């Protein structure tokens, strides 16, 4: 049994940016030399989220629209009244979706659906240096 | 330390179908011979989701109703304009809930609440052959 | 490779209570003697949820308000019609957010954002004795 951890660093421009990180995670899994197990994908930071989607332009736009419709920017947020950083809605969106997923690994590859990609969702209003943490655990 | 992976295959009829997979996951955990650790439950595919619920008819209906109320079918989805497969809402629902959960394992059993079941939620509009991946990691 | 499991027990008063459990999880990780791996945080029970947030009074209030706005108490829930325990909305909220997250561990510490805390969200209408399960897997 072994643990292999690596990072995926990138810059974002601010809300809402949806980034397909599947290939980068796949490369880390392959290089880990771990044949079977699980891989955890996690965002350090409370204004981003990790999930999966069929990554195509239509759905990328639809997911952004859904965030804006369900968790609108224009509401009164107590966070805003106190801190004035304009991102109360970003925090709520991130907490509701969550910071992590876990994907099975077999023969050094992730088991994903054919039309399923792993995404990082930048929900904050300002640019960030993000550093997604990928941890493979297995044998 | 060891890894044990197995699948739960079944057919679905299309949205919204909520399937209790707790007993099947429990059987895989028991047979894995892994006494202590975690079990990851993951759906390959971007139009289904994994979560937990108290599995009884009332809540099964309530969860379906909540999906329809919060992420309605009738909105204009860019995915639909482009691909015409009628499931833009299915994708958005699946991304928001997520494809995986992780449950602790002790003495070859999952630690779950008394009224807590693991469910797969079929969110796609059409039938699928689903194949949930269950991975036990531990010792 | 090793597995270390421990519990975080506490009492809650009922909805909506948002409890920062980061320090308690960190202590379990540190004591586990596992240097590198992942830690799974899971709530047994179908009326609570685990996620992360920047834990400050403004956002704690905003998250509660978002739950009430998106999944209102006052709707007709089939669960309520059948069981009369007044918590149909609690169950739906819990299923949508999910019972677990997984956080990476390096040098016996979790890798979290500077302003990111791990929270348990009590969504049930009545007080509970909660017992969060923390499982560290690694080497």
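Order of writing sets the labels: A, B and C. Residues in every chain begin at 1.
Everything that follows uses one rule, which is that contacts are C-beta pairs under 8 Å (C-beta built on N, C-alpha and C of every residue); 3 or more make two chains touch, one makes a residue touch a chain.
For clarity, every value in this text was computed on a predicted model and none was experimentally measured.
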Graph class of chain-chain contacts, one of line, ring, star, complete, other: complete
Interface composition of copies chain A and chain B: same or different, split at half: different
Turning angle required so that chain B lies on chain C, C-alpha fit (0 to 180°, nearest 5): 120
Cα-centroid distance, chain A relative to chain B, in whole angstrom: 19
Sequence positions of chain C contacting 2 or more other chains: 1, 70, 96, 98, 102, 137
Parts of chain B lying in touch with chain C, wherever the complex brings them together: 1, 36-38, 51-54, 56-59, 61-63, 65-66, 70, 96-98, 101-104, 106, 111-113, 115-117, 119, 137-139
Contact footprint of chain C on chain A as seen in their complex: 1-3, 5, 40, 42-46, 70-71, 77-83, 88, 91-92, 94-96, 98-100, 102, 133, 135, 137
